[in-house]
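Chain nomenclature is as follows: A, B and C, assigned in order of appearance, with residue numbering initiated at 1 for each chain independently.
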Amino acid sequence: MEKIGICAFSQTSVESDKWYQRFQEMAFEVVKDLLEQTSLDFSDSGIEMTISVSDDVFDARTISDNAMTDVLGAHYRCEEKVAQEGLQAIYYACSVINSGIADVVMVVGHCKESQAKSRNMVTHMAFDPFYARPVGLDFQIAAALQAQTFLDRANIGEDELAQIVVRARERGSKNVLYPNLTPVSVEEVIASKYLAKPIRELHAYPVSDGAVGFILASEKKAKEICKDPVWVTGVGCSMDTYFPGNGDLINLGSLKKAVSRTLDRANTSLDSIDIYEFSDQYAYQLPLYLTNLGFCNLEDVSSFIKNGGLDEKNINLSGGMLIGAPLILGGLFRVVEAIKQLKGISENQIQDPKTAIVQSSMGPAAQFNSAVVLSRDN
Amino acid sequence: MRDRKREVAIVGVGQTKYSSHREDVNQPEMISEAIFEALEQTSLTMDDIDCIVHGNMELFEMIYQPDLWHTIGTGASGKECLRLTTGGTTGATLVCAADALVASGMHDIVMAIGFEKLQEGHTTGGITNMADPLWGRKLQSGALVGITATQMIEEFGEERAKKASIDYRIIMDMHAMKNPKAHRRLGLNFDMAEDLMNNSPQLVGELRMIHMCSQSDGACVVILASEDKAKEICDRPAWILDHVTVHREEHMGTLFGFKKEKLTHRHAAEVLFKRNNINDPVNEFDVFEMYDPSSWWGVDWLREFLLFDGDEHLKLVENREILIDGKFPVNPSGGVIASNPIGATAMVRFAEAALQIMGKAGEHQVKKEVNKALASGFGGTFWTVLGILTADKPER
Amino acid sequence: MDKNLTVKDIILSFKNRANEHIIKDVVCSLGYDISGEMGGKWTVKIDKGKVIIEDGLNDPDVVISMNDEDFISFTLGKLDPVNAISAGRLKITGDAQIAQQSAKFFKKYQIDNGEEREELVRLRKILSIPQRFSTGEVMGFFLNNLKKKKIMANKCPKCGRMQCPPREVCAICKVEASEWVEVGPEGRLTVADIVFYASPDPLTGEIRKTPYITAYILLDGCEDPDTFWHEIDPDTPHEKLKRGVRVRPVWNEKRTGAITDIKYFELVED
């Protein structure tokens, strides 16, 4: 795969309730910023195509991109909506640019988890109407089943989970674009009420509203548009079987495949990567992903976390998705954080990273996984 | 835009029979029927498929991220997947996306799946939810618009306009009678025109029940392959020459002023034909699978797509040139009026156009040799996706 | 198809197929006018749970007409009613709503051939997720002004078009639209659509009274073709809905900041 360049990135603040804006205004903040950064316009010599990310069920709007065409510059132009985990918009943008169909693509995603009475009512609708739905499953409950299995097998508990949350929030609180986030203590985490045992309220990513976007271009165009593009060198994804529990809940085949496909396309290996951003919707997911990808064994999870393994290996330096992101935009917000690290402007900056990998998941118990490798020139 | 990295062709097509009574299958089962047909046609297996592109109009069935559940019927397990939804144009967008995925070199063989199970939801409710909740939802009457009929009657006179739209409807049904997959096959003939155009119950203005498309359940699958693979899989694949997507702003008011705004259909045709050196579309295309939600729109949009300015489009209908064995066959499949499983419908246009080029359309195969086909998708607030398929591999 | 099945068999079987719990409070009569060799005219009267079958059409609320073969196919679920109406093979005169509701009054006709029909599982559920929609500043300003009987448009700084309803950007020029201008309240009708068929509300099952009239109106101060989408007084005689005719809004007494604060537009008549 030929690398493509990210010439600009932008996000709105991520808040628990953006009651004062509708989607159009929220997304327009991002679009306006991207246009200002790049001085591009919507034309055959500027942004040729827009890929939007949104979900009809979350938006309660059939053809949710229908509402967005105005602000996305899509009047009499091409716009297509990726209705899947947002990282897939980058996967798709890679194929569009690599194919020659368009050289410059804008990606903008929006979502308000606060609009529906409960995001769990939305994810409840992902299940088949005959068996899994009447049983009462939603993504949170499926996660709880997976969490309990993992906690038992890795022999970890409240302490380790609380440490992950405390670390995440401490890092995320430094980011002014997450105004509702405050640091918490281990005691507060352990005392927070259960959502679905063993998942406690503070173990879960906060209900979030926000929009995020990027301008992506072919290598040649990217160098014309901006001084220092961040390169997307690999993309990949994989889908697992549907019924959670049809197999080992903690053996994430789709995660391993998604990451290995991404690394193949980027022609690199996992330990060559400098920083890792995982979309951990619930605290247990972070160590779960790590054991699946070989960062540590099941029996070593506790010591890995307690001895600062996350900091040492540069994992979720931003705090990960536990700091907040709407469900379908988890991956794209992690991409923003990864780009900031590569450009040296992160609130949690480490010394000189050159490559990053971003992962995100969708579906019950991480049924679908997606990943992206980013790198910068020296 | 640059030169394509490599050529892509449609090598296989699968469709379920479109119907309003598929209580015998659930959604994944329904989709798998179309998949098996496509695999059989191409002699491929699921192992050969690198990537699956999936789409529908999710608020109809109210399933969140349906591709997750559908893995039990799509064989997507272990594969790379992409999901796009753009309303009525979804099916066409999926073909465009599959094209990009293969042309990019990232995949060699991609399967695109469009489906809808409208009986498992509320169609007009789904469409009404397309409108802004603060504004249009209280006004919208679903997808029913009678204004085009009013405008055509004003321009051409009541008798001529009504006759053209009913004749178009009858021709679409005559085509559907030759398509075993079609949902509605009513057995209409021209003698019934007078009665139908005056007595069919009115929906909105002169848009009557007889003119309007159906609500169907069904799935359509299209398999796209790269240059080298295409020739191995299919004798006469349908090559993707080019496609264009044209969306519009949310507000539709500018379409209904005193002066008419240019439709996206015409804009798409202008852009696509110029890019591909097509100067005389009605003579250069051998078949047109047009997304026609009603016969009024079917007639009106012939003018827009073929870049006419007068009454040439009415003459195409009046002179019966749009019949399967006519000079410019339109919708040999019966079109959208005969079958409308919304998430699949736009894909069916490309699938049927591909079948025509491949020579595999069976009883509704256009008799003359089909070398260049046009296919369109429609949806949203008057969006258009327009594509050209060819029998000869494009030389760029 | 059972060659011995007659139209009369089916009509008489209504007595045995009643869904008692559904018809216990229903009072209505269905007329069947069946043509063809096996044809005939019958009235099926439903009187609070009792089903009475009479010969002839005795002032029924609705008459269902089709030929004998079609009637048998339809009863056995082999003829789609919507297709049949479209093709003119099934005609309904009188109270069409009763015809629609009568589908629930009787159980499906079963051909008695001794075989057990396989029961397919069918789940019926109404799905809804409660929502709280935000108007945002731009729409919010517009809706608030409706309370004051003002129609506000926002202007594109580049092409000058007045956007009503207002949007954050001008989609054509792709720039932010910011200036507010009051338009209307009167305007001219550009085109009207008379709606005869209203779909039942998916949540409440309510059906709007028809015909009603949706219309596009070019408000004073707006430039063609930036029209405003609303409704015309449903009692307006249709012949008067001519292109260009002047209209003005009729406001609701009680206004809440919703598009329905304008009840509808009426013709300005000299």
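The definition used in the following text is that a contact is a pair of C-beta atoms (placed from the backbone, for glycine too) under 8 Å apart; a residue touches a chain by one contact, two chains touch by 3 or more.
Quick caveat: nothing in here was measured; it's all calculated off a predicted structure.
Of all chains present, the one whose mean CA position sits nearest the global mean of protein CA atoms is B.
Counted by C-beta pairs in contact, the busier of B-C and A-C is B-C. The chain with its CA mean position farthest from that of subunit C is A. Subunit A and subunit B have Cα centroids lying 34 Å from one another. If each chain is reduced to the centroid of its CA atoms, subunit B and subunit C end up 26 Å from each other.
Subunit A and subunit C, compared by their mean Cα positions, are separated by 43 Å.
The set of subunit C residues that touch two or more partner chains comprises 127, 131, 133, 135, 139, 167, 171-172.
Those residues of subunit A in touch with two or more other chains are numbered 57, 60, 69-70, 74-75, 122, 125, 130.
Residues of subunit B found to touch two or more other chains are 62, 133, 248-250. Taken in their complex, subunit B has these residues touching subunit C: 20-21, 23-24, 62, 122, 124-125, 128, 133-136, 138-139, 141-142, 144-147, 150-151, 154, 184, 186-188, 192, 195-196, 199-205, 209-210, 214, 248-261.
Every residue of subunit A that touches subunit C in the complex is listed here, in rising order: 18-22, 24-25, 28, 32, 41-42, 57, 60, 69-71, 73-75, 112, 114-117, 121-122, 125, 129-130.
Interface residues of subunit A facing subunit B in the complex, by the touch rule stated above, are 1, 44, 48, 55-57, 60-63, 65-70, 74-84, 88, 91-92, 94-103, 122-128, 130, 218, 236-243, 253-254, 257, 261, 265, 362-364, 367-368. Subunit C makes touch with subunit B in their complex at residues 77, 80, 82-83, 85-88, 120, 122, 127, 131, 133, 135, 139, 143, 163, 165, 167, 171-172, 190-199, 201-203, 214, 216, 218, 224-231, 243-244, 258-260.
Residues of subunit B touching subunit A in their complex: 1-5, 26, 52, 55, 57-60, 62-72, 76-87, 93, 96-97, 99-106, 126-127, 129-130, 132-133, 244-250, 264, 267, 379-381.
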